[in-house]
Structure formats: C-alpha cells, structure tokens
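For reference, chains read A, B, C, D and E in written order, and residue numbers begin at 1 within each chain.
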C-alpha cells in the first residue's frame, strides 16, 4: 500500500517550457513557483488534500478541547466551595465565556469538520472535496479565528459577556476591555471559515458521489453532515449580521443597542438565537451521524428505519429554524409569541425521539460487539435521552421560567452536548482511528476512558439538575451559604460532587490521550477491515492513498461494502460471508484507474487567511492595519483565481517524470 | 469481546439509571429547603408553574425509565453470543409511525396544559397593585406609584427588598437602567427579564407572610452573583404600617449627637449620589442627590428608610447581625411581620459589614468603581467607589444611618 | 527557496515579534513601544517577502550565460510612475494630506512594479518566459489594483459633479451619463465598424470629460445648499420648536412610520381634542405616568384627530450654564397627522421639584398627563 | 465586510472538480460545482441582507436627533440610481449571452458597460452619503443613521466588489488567462451581479419608497 | 457543462435570446417607472400593497430570467429559494415579536 510514494506530475505541458531554458524552474521562478512538495512541513502547510486537512482540524480542535477543559476545571474549582477564591469575578466571567465559546466554536464544530472532511469524500466514493483550495482556506481561517479569540487572554483580558454576549452588556461601556472585540472578530472569521466549508461540503455531497450512490444510498453520517452544512449556510449569515452590528457599535460608535437612542436590546437576542438554535443542531447532528454508523456496524444490522432517521434529521434541521425564541421565554416576548415557540419546541422533540427509538431498534435483534466505539455510542443514546427529556421540561414555557439561567439548564445542555456530541465524537475516534492512522486504539484503555468519562460526566452534570431546581443561577462567580439551603444535600454537597466529578471526567479524557500516545508507539498495524464495517470508506487502504480509491467504486446498495462481503442465506435469513474485506481492497488496487489528476498544493489559502486575520485585527488596532490586510486579501484572492488548480509543468524541476508510464502514482 | 464483563456492567447500568432518575425526583423535590427552591410555590403564580412541573417532570421520568429500561434489556439480550449475523432488515414503517404518534400524543397533552398556563400567567386584568421595578448594576430599585386603594398617597421609593401585601395581585413593571437583568423570586413566580427600554410585566402574589429570596438571573456583568433581592410579604395591616413608615417625614438627628455629625458627613460625601428624602443642607435648602453626574447608570439607592430594610448593597449583605437575622428569617408567618417592621436597631446592626462597606465598597463587592477603568463610561462610576473615609467619619455615618428608619 | 537575504529579514521579524510579545506581557501592552516593535516585525516580513520574490534581487547567481544572453524587455515606464509618486508626496507634504497619501500609494505601486519588472527581465534568456514570470508575480496585484483605481476614479469624479450641481439637475446628469454609457455600448455592439479607432477616441474623450468635469466640480466645491445645511444643522434637537405651528425643517415631511411598539411604557392619545393615556400593565386609562429617574423610557404619541398635533413634554426649567438665564426645559415630537404615531425616548435625570411638576401636553388639545419621576 | 465578500471570487474560479473526479466522470447531478456553490452562497446572502434590512425596518423611525428618513431621502435621484443598476443587469446578461456564444469582444464590451454603470451607481451612493451627512445624518446620529448606512453601505461594498470583479475579468479574458470555463465564469459573476441588483430592488422599495 | 433541463434549442445553452432579455428589461423599467410614480401620485390604500407586489414581480423576473432560474436545474432554485424562504420566515417572525406589523 505504500508503494505509491507521493509525487506530483503536471497535468499539461505549457508551450512555455523551453528546451533552451538553462535554469531550473525553481531557480528562475524563486518564490513565485507554486508549492509542489509532497512531504515535510510544506506538504501540510500548503496542502489541499481533504485527509491532511481533516487531520489538522482534528489536532487543532482537540488542543482547543484541552484549553476549554482546563477553563471548565478552573470554573469547577472556584465553585467547589462557597465563596471561592480561585478566580476573581472578572477572571471567572472571562473563564465561562471562553469555555463556552471555545468548546462550541473551536472544539465541537471543527472536530465535526475534521470527521466530515476526512470521511465524507470517502463515504461517497470521491477523490477529494469539490473545492480543495477552499477547504484549505476554511481550515486556515478557523485557525486565525481561534488564535484571535484566545489572543485576547494576553491582550488585556478575554471576552466576559457569556457565550451569547447579550447586548447592551457587551457594548463599549459595560465591557470596556478589548476582549469582546477579539471575540467578535474571532467568531466572524471562524464563521466565514464554516460558511465556506459548508458550501464546499454541500457541493461535494451533491456532485461528487460515486456512480450509483443516490442520495438515499448515502451513509447516515454523510446525510447528517449534509443537514448540518445546510444549517450552517443559512444560519451563519444571521450571526454575521449580529456581530457586524455589535462591531460597528463598539468600534465605530453606531447606536444599534444604545437604549437611550430608542434601541431595543432584544434585536441582538433574536439575531443571536436565530443563528444559535440551528447551531445547537449543528453541534449535535454530527454526533448522531457518527453513532448511526457505529451502532449498525457493531450490531451487524443496518440502521433501523434508515429513511426515517434521514428525514427526522432533515426535519430537525428545518424545524430548528423555527424555535429560536425558546431561549428568550423570560425576556418579555408576550404570551402569544411564547405560546407559539413553546409548541414549536415540543414539536421538535418528536423527530428527535424517532432517532432514539431507531437507534435502540437497530440494536434489537443484532449481534452486538461492545467495543470502545460502541460503548461511547451507547453512552450517547442514554445520556442524550436524559438530556432530551430535561429539554422537554424546558419546552413547557412556564416551567422554563423557573429553570432557565439556572444550573438546571447547564445540566440539560451538557447532557445534550457532552453526552450527545462529545460521546459521539469519541465513538468516532475509536471507530475511525485505524482508518486514519492504520493502528487500532487500545480497547482496554478505551474501556477505562469510557467508564471514567461516563462516571465523571454524570457526577459533574447530574447534580447540576438538582442545584438548578434548588435555585442556583448559572454564571455566578461565587455561591454563598446564605442561599445554599439546609441539611446535607444542599448547594454545598452537590457543588462539591460536581467539582469532583469534573476531575474524574478530566482523568477520563487523559486516558484517551494516553491511549493515543501508546498506540502511536505500538508498531502493530491494524487490519484493513477491523470492524467488519459497512460503508465505502473501508473499501480502501488504511490510511487511504492520496487519491482515496484506486478505482472509483460503483454503488448498488446502502452499506455497499457490507453487501460486497455478505449475502443473505435463503435458508435461515441470516447473512453468510461471500468475501473478505481485505481481498476486496486488494482487488481494487489491481484494477486501479489510470490517469488520475489531483489538485496541487497552493500558497493562496494560507495567505488569504492571514490577510483576513490582519484585516480583522485592523478593527481593533486601527485602519492602516486594515488597509494592509485588505491588500493582502485582494492579492491572495486574485493570485488564487489566476492559479490553475493543477500545477503546470513549469513548476516541476524535472518535467519528465521518473517513468511511471501508467499515471497511477497517487497524484499523477 | 469480554461479554461477561459487559453483561455485568450493563445490568449495573440499568440499576444506575433507574436509581439516578428516582434520585432526581426525590432529592430535587423535597430536599433541603433551599431559599430559592423552584419546587416550593408560595403563591398563585408559582403554583400554576408548579402544577405544570408536576405534569412534565413525572412524564419525562416515566418515559425515560421506559425507554432506558427497554434499551438496557436490548443491550443485555443481543450481546454477541455467537448468534449468526441477522437478516439485514431495514425496519418496519408501522413501528416508526407508532413511535412517532405516541410521543406526539403525549406532547399534545402537555402542550394543551402549557398553552393554558402561559396565558394564565400573562393575565394582568385583575391587578390590584402596581410597582415599578428597575434593575441596575447590581441592585434593584422599587418605586410604588401613588395608589389610593393601597393607601399609598405619595410615591414610595426603596431598593433591594420588595415589600408586598399578602393575597394581593401585585404587578411588577420591570425595566432596567443599563444592561439586562432578570427578576426572579422562585417561590412567587418564574423569572422575567428587566430589559432596558422595555417594560416587562411580572405578577407576584404571596399566600402567606414571609421572606422570599431571589436573585438576578440574567448575566449582568462583574457582580452578577451579588445581585440579589428579597420579596417580603406582609399581612394587610402590617403592610399599611410599612407604607405609613415609608411616607413618614424626615426627622433630623438631635443637635450635638454623633448622628448629627454623621448627617454632615453624609451631606459632604454621600448626598452626591444617595438621596435621603427631606434632608436639608446647612442653609436650609433641600439636599438633592445628582447621581447622574457621578454614576453611569444615573441612580444610587435611595436611603431615606435604609434601616427599615434588613439587607443592603443589592441585598448582598445583612444589616442585621447573625442572631437578629435568624430571628427574622426563621420567624413563623404569624410573627414575621412584626419582626420585619421593627427594622434594624443599634444592638442588632451588623456593624462589621456596614463599616467595611463604607471603608472600601469595591473590596466588598466587585464593581467597576475603579478609577482606572472610567474612560469607557465617560468618567462615571458604576457602583460605589472607595470614598477614603476616616474611621471617625465612619463612626459618625453609621450613627446617622441608624436614624434612617 | 528561502534566499539568504530574506532569511535575515525573517529573522528580524521573528526577533521583533518575540520582543514585541515580551514587551507587551512584561511592560505595557498599549503604548508606542509595542506598536513600534510590531511595526518592525511587519516591515521585516514585508521586505523579507519582497527579497524572497526577487531572490534578493540577484538574478545572475546561477549562470553567467543567462546574463550574457539576457534580452532587455521593452523599456519600462515604471520609473516615471515612481517619480510621479515622489512628486506627489512632496506636493502633498506642502499642501493637503490626501495628495500625500495618494503619492505614497503611487510611489509604492510604481516601486513594486518597477522591481518586479526588472527582476523578471533577468529571470532567463527567454523573453516569453520572463513575461510569464512577471505575470505570475504581479498580475494578482495588477488586476484588482487597476480595477479598484478605475472604480475609485469614476465614483469620485462623478460624485463631485453631482455634489456641485443643483439638487434638481443631479438626477438628470446621472441619467444622461448612464444613457451615454449604455448607448455607446449598444452602438459599438451593433455597429462593428465603430470598433478600433472610434472606440479609442470615444474612450479617451469620455475619460477626459469625466476627469475635467470632476476636477472642475471638486475645485468649485459643493452646492451652497449643502454647505448651508452642514452649517445650520437644521435637524439638531436644539432647533426644535414645540409650539402648535409647523416649523420649517423639524416638522417637514413629518409623518413617519413607527416600529417601536414593543418597547413603549405608555401611549398618549389625542382624540376629539382631548389628551388621554394608557400605560402597559394598567387596565384603566391613566392620568399619571411614572418613570424611573435616569432611565431611557419611550413614550408613544398617537394622534386620532384630523388636525396635526404634537406631543410636548415639559420638564420644568433650568439655568443655562453660560448665561444664567432660566429657560424652560423639555422636548417634543414632530407634528403628527391623523392616525400617525411618534415615539419619544426620554431620560430624565432629576426628580421634579414640587413647584414645577413635569407633564405631557399637546398644544391645541385640552388636558395634560402628569409625569412623575420619583 | 471585504472578507465576507472576497470568497465570491473564489467560488467563481476554483474548479478542481474535473480533475479531482478523474477523467470523463461527470458530476452526480450533472451540474457545475461552481454554479451550485454560487447559488448556495446567494441563498446564504439572502439571510445576510435579510438581517440588515430587518434591522433597518425595526429602527427606521427611531430618531432622537437628526433627520427622519423622509426628510432627507432624494427619491428622484435614488430612482435614477435604481434604474441604472437595473439596466446594468441587462448589460450583464448580454455579456453572459455573448460569452456563451464565445464572442470575447462583445463579452468584454458588455462587461465594461456593466462595470461603468455600476461605478456610476457607486458614485451616486458616494454623493448620497455625502449629501445626507451634510444635512445632519451621521453614522452615529441616530438608530436610523446607523442602520441606514450599514445596510446601504453593505450593499455598496457588494457592488464595488462586483465592479472590481467585472473589470479584472475583462483584463483576464483579454490576456487569455482564465483558468476555467470562460462562459461559466462570466455567468457566475453575472449571478452575483444580478443578486446585488435584486437586493437593491428590495431596498429601493422597503427603504426608500415606503416611508414616504 | 451539461444541464439536466436543457429545454431551449436556442443558440445558447440555456436562457433566452438577447431580444428576449431586452424585452424583460423594458418591462422591468416600466415597473420601476410605476413604482417611482407612487412618490408623485397618491395611491391611497393601494400604496403599500402595490409597491410590495411590484417589488416581488421585479425580483422574480430578474431571478427567473436574468439569473436563468426558470431555465436551469431545479436544484439551483431549491438552494436559492430555501435561503430566501428561511430569510422571510425568520425575519418576519422576529419582527412580529416586536409588534412591528400591528398598526
């Protein structure tokens, strides 16, 4: 599988290349030569390969997961005992703001993007995404956004208004540090990154599917990612507007949230939550998608009610645009609006329930293998069910007015997001690790990882239900004995349990890191089809070659790979093996397509992202910087436009390539 | 694939889940008398909400137990014991449809009750009393417009502690001077945001006299955690006494007393922001506070009857010392009116906190009263700054403040 | 290839970046020192990139033969542009800053083009290849740069012309210009014989006309109504007259659609010449509106009568700081027609004194609504 | 602002598909990647402008200080500029049509005319902003001022980017440096241009005509 | 480039003739004229509805003809109109909660 070392060859030989030319192109062109490196750091920096980009997304997002996790631990330390003194009020406010922002925008979304980038093209049998360079741009913009967001820690303090940054508290008077400015810019840039990424992935799904793969034969993960990308395409512009308004107010004196001018602060809330609610589904649906792959694989059964799962996912997405005001039940919308949004919110519980039932029924009648990936998937179903049911209590608007902005809601969304999403992502880590790195993560450590995380998670967030119902509001830098209640099971007990739980959770995550390190040192290669998997991404080597598939697969079934391995035994309606996965993969190699052209690496995405970052910093640090940034953006985008996507002969030092007559060297 | 292990752990799982769910209901419902417990309604509105809670929480609990129970059984039953790979069936639409309709029906029932509850809570037709509530970083102001039915002949202005008559449908008209706050007395009703520029309505009604704790629940900046309030429900007679006391004219302290000296310290320092109705300057003209010139949000608590309240600084600190405090807070509903109306006497005063506050307020409660941070607010403070008072000044001021009953 | 020269500059960039960060963390994040260090880092990076691009300006490193065979390209006009930039900078220093900035832009643009041109000329002995190299290096700047300059020139000169002429002739000139552009387009498209020389003549004529008219207009200044409006600031609150009669500017075209209904504390009506009010949460009509002090509060005014009315709020009187004259304080809405609404947002810092209660009145209608600020 | 709009260009010409999918392999829908991306982008832009328009609608009458909308709007002038932009849509579609006929000369001619009309529209907007400012409406004067300038400014930036794309496209076509299907590139920029035009159709009615 | 719905046998791949575009432009110009006339002539109660209708007609014409949605694949229409529809839905709903539409 590693016989095909990466080399690039040109797609065309321009007449310009002149035999008389005595200088090699790299000498003649200097830095103007486009990058063609296939190894070393340049290969990563300028890559447009969806798999490399996916890995980078994953690494960076996991780093931010640790950052956000440390912030969470500090929060829990502060609240472990009454009148905590670990953090000042100011630092605490920054801490919970950045914890939320980091976890949502810099961990959850990019990790989903990592999975989507890596596996979506593989699952639909494509060689890359539709716009490889845009893909790289998304990644670099995300990095720029994340760096700008976190740079604020060192440049006068981070944002301190909570992750939904309600105006007017986020205005220039009430949040005087530059933290909110950095927050706005960071989110704006990360938002552009997601928008570009989502357009890219939608087009990829629509246009790049392998022959025979109709929409209803696509894996559910791909479906859920598709729904998520649609949600992003249509919700991100709304927060863009909100951020622009706030930015104009903070940096240029506009009056959008200035009440003495007659402004209405609820405008921010509407704009934010019109984005924010679909965003919740953006976070959760990838997790749903992942376990919809894992549960069938390890139950040896197809997903129960595939079309229902797909359509419930789509309808969650659609209805998700009509329930945003349930975040504002206490803000004085008036009874009619509250009633309407309350009913809509209940309606969205129905498709969500359908999904849970289908997952359970997928396992019903199966032949279940409880691997680490499967354990996390089961954990998701259980924890998400609990989170979903506490969500229903929020849909009852009057009940919500008692619960909102207390720890009960903190408990709810952590069950939904940590239980629902993080568990899904970890399930994905265990499931797809051998695909990406060719090595199996250790199952025993995985089990430790799982159980510690389950216990830690329930210890941390379970008590928060009770704290909330006992009346502890969220976002308080201290709690005091005076309001803690009497008896043993008061604020004091539950807060302490929660804080202890958070460290158990952290140890659980630590086990994952240990597992990764241990696995990377283990020379043993994973089998090509370790899970007896069902979908196309397993119909190639691990890790896949740069062009993914030696032969573009032709699809006849949902779960194509599984159906190539098994067929139904007429006698007892069970499945009997007709082929071994490894053999199928070898067979593909032998029948490889000739003449595959892949896009070449490029400087422009990285440069453009730098330009955008500089442009953004200009908002804080003055117009001249903005002008510089704008010029870089303009330059990079035109450089991009003028660059053919496949390198020209002129960019290669030895145009006549070393003798692969059949151009199946991965890139040529 | 160590299936034995898994069987064991999954049965653990069932027990754990069930125990957790039952634990939630029991512990949350009747635990520990927390002052802000959301399951102990003490008035009509909170009762409406609680009735809904009693519908939706048990329902969620039952559904949860059923679903997770079934799931646990599935996990146990279909563990790989060497059975053949099952037939690749893609599900049965009829099952799907049934599993869609059942939750839809349950939710419809919940929805009907919810719908009714929302409109019941929004009703303001039969309001008997109106109070304007204004949030400000990090305290609440109450003003009672003149309303003859309640014996309020001239506007009353107070802060921190809301005093209402028992059994009366009180309508709060909430707004805010700066950022969004949220008014929440869990025992009396759910929360409602105080949004600057808007008037939001919240109905409170208490069945029995008592002190009901609450807290600002919309994140409102630095000292959000310290923005508290209490609602004090008094019997009709006690409320009338309270009103009479609030409308009482100012009596200056006796000449030559320590309190009199305190009055002049007050006139030198505090009057810039804090109003005491009826206080006159040395030349006999009325002393008017102009907080607008010093405080960004333009107001500071009115101190006319400070010692009729039992907390200060956004209800964060007690004006009563420990024993007097528990005497009032733990009083029965019959006796609480008299004890509350007694106010704060010299012997009961929590002098430590009051003096510390006067010495250096920002050290007691984080506030943007830091001179280094004034640029963004145009040189105006948010919250009370450190006034640099001497200990003698503080003695005098405390003596004076004790006269403001 | 990272050239030796660029390495020095990138090294400088790195060092000054570290220095800047250290400085910000250790000394002071906000003062000039950090800006200077960041400036150093940025300029180091820019020069480094430039050096990279031009391989330290050293085109002859590899083969003497290239130097020998190098064919000079067509003479460059970039030095002239560069010189023009320098001239503009000097002129700008002496006159207006706009010219200075323009000069800097021209200087940088000309400089970059000149350098790249020169570099590409020596890239190889093949002219075609050299042109290719030049294009790769520079066209990403040239296309958008020239396009932006084109857009800027047209927008600037055109707007100067419209600002200079009367308000009535503005649209006429606009439509005429557009019609000319459009017609010329149609003519050239439909009549092939108009191509070539004619097109060039037309284009040159158009550019000269636009530039000429624009320059003339810019020099002659904006029309005097605009200058006067800027001077007088008609719509400023201080010009408000709150009587019953219509004021020239403030009430001009007054009936505006209001969308503030969600946030008003009270609504004041005029019906049959009488004033009454409703407040949120109050079931009955009210004759007193209480609003907290120092709190931005919106009040809506709704005129249900045929004749125009305005809402006036009387806020006692105050001494004017400079003159010591006691003046009535208050503000008012615009004159409002039947079934129209207006909204006033008030922020009243001081409670009323007993002698001068605050009130809402409507000139020409009876009744008043008391305003209490406790 | 600029950063939001720059990726228009990127979609327009990033055409890795033909290569990435291998030879002779049509896209699954038979549609062009670039066009799909452009339409998605435009669908997304609907929500962007929708947000700005809604903000304006909510705030248009909230004037504490300075002029009200109907006091300063110059309807005859704005009518002309709306008309000019509308006609530029016609010239744009003629450019697309010429490009599909592979008539480079005419394509370039109509692109130029479109760009010129767009540039005069921007000139008109510069005039309008200047005049409004002189009459007392600044960006910070009132809610009306802030929301009006934000909305029309955003639109103006979109038009400006459009003009820059049109003019550079001319140059690129002339030099033969286009990296994809030429007609399609013209069509994509055309889609963008028409979108900017339909946004103005809405702004013209909701912002300018209705309050009068 | 191939399109699924290639219905017109015109010289173009899809769309209409140049003369057709000019006709559309003339209609658009006429509607614009009518719109502007509302500024000079009092339309009474028809003012608002007529303006909205004319706006919608112009919008749809540009989108359908100049932007080829009428001739192109339905997928394009889907992508665009989903965005437009969501925009209308969320923003009109949001404005409604501000009591924007209550006279």
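Methods note: a contact is a pair of C-beta atoms (placed from the backbone, for glycine too) under 8 Å apart; a residue touches a chain by one contact, two chains touch by 3 or more.
Because the structure is predicted, anything quoted here is derived from the model rather than measured.
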| item | value |
| --- | --- |
| Minimum number of chain-to-chain contact steps, subunit B to subunit D | 2 |
| Central chain (distance from its CA mean to the mean of all protein CA atoms) | A |
| Two chains sharing the most C-beta contacts | A-B |
| Most widely separated chain from subunit E, with each centre as the mean of CA atoms | B |
| Maximum centroid distance from subunit D, chain identifier (CA atoms) | B |
| Distance between the centres, which are taken as Cα means, of subunit E and subunit B, whole angstrom | 52 |
| Separation of subunit A from subunit C, taking each centre as the mean of its C-alpha atoms, in whole Å | 38 |
| Computed distance of Cα centres, subunit E from subunit D, in Å | 15 |
| Subunit A and subunit D: spacing of chain centres that average the CA atoms, whole Å | 32 |
| Overlap residues in subunit C, where contacts from two or more other chains coincide | 139, 143-144, 148, 259-260, 262-263, 296, 298, 343, 345, 347 |
| Multi-chain contact residues (two or more partners), subunit D | 29, 31, 36, 40, 43-47, 51, 57-59, 62-64, 76, 79, 83, 87, 94, 168, 172, 177, 210, 212 |
| Contacts with two or more other chains, residues of subunit A listed in rising order | 206, 233-234, 238, 259-264, 266-267, 271, 334, 634, 637-638, 641-642 |
| Pairs of chains in contact (touch as defined earlier), listed by label | A-B, A-C, A-D, A-E, B-C, C-D, C-E, D-E |
| Complex contact set, residues of subunit D against subunit E | 26, 29-32, 35-36, 39-40, 42-47, 49-51, 53-54, 57-58, 75-76, 79, 82-83, 86-87, 89-90, 92-94, 96-97, 100-101, 181, 183-184, 187, 190-191, 194-195, 197-198, 201-202, 204-206, 209-210, 212 |
| Subunit C - residues contacting subunit A, complex | 1, 3, 21, 24-25, 29-30, 42, 49, 52-55, 61-63, 65-66, 123-126, 128-129, 132-133, 136-137, 139-141, 143-145, 148, 260, 262-263, 296, 298, 343, 345, 347 |
| Subunit C-touching residues of subunit B, taken from the complex the two chains share | 124-125, 127, 130, 132, 134, 141, 143, 145-146, 155-157, 171, 173, 175-177, 196-199, 201, 288, 290-292, 297-299 |
| Subunit B contact footprint on subunit A (complex, rising order) | 88-90, 93, 160-162, 166, 168-169, 172-176, 259, 262-266, 299-306, 308, 330-332, 334-335, 338-339, 342-343, 346-347, 349-350, 353-354, 356-358, 360-361, 363-371, 378, 381-382, 385-386, 389-390, 392-393, 395-406, 408, 451, 458, 462, 465-466, 468-479, 482-491, 558-559, 562-563, 566, 568, 572-576 |
| Complex contact set, residues of subunit A against subunit E | 206, 230, 233-234, 238, 264, 266-267, 270-271, 274, 321-322, 324-325, 333-334, 337 |
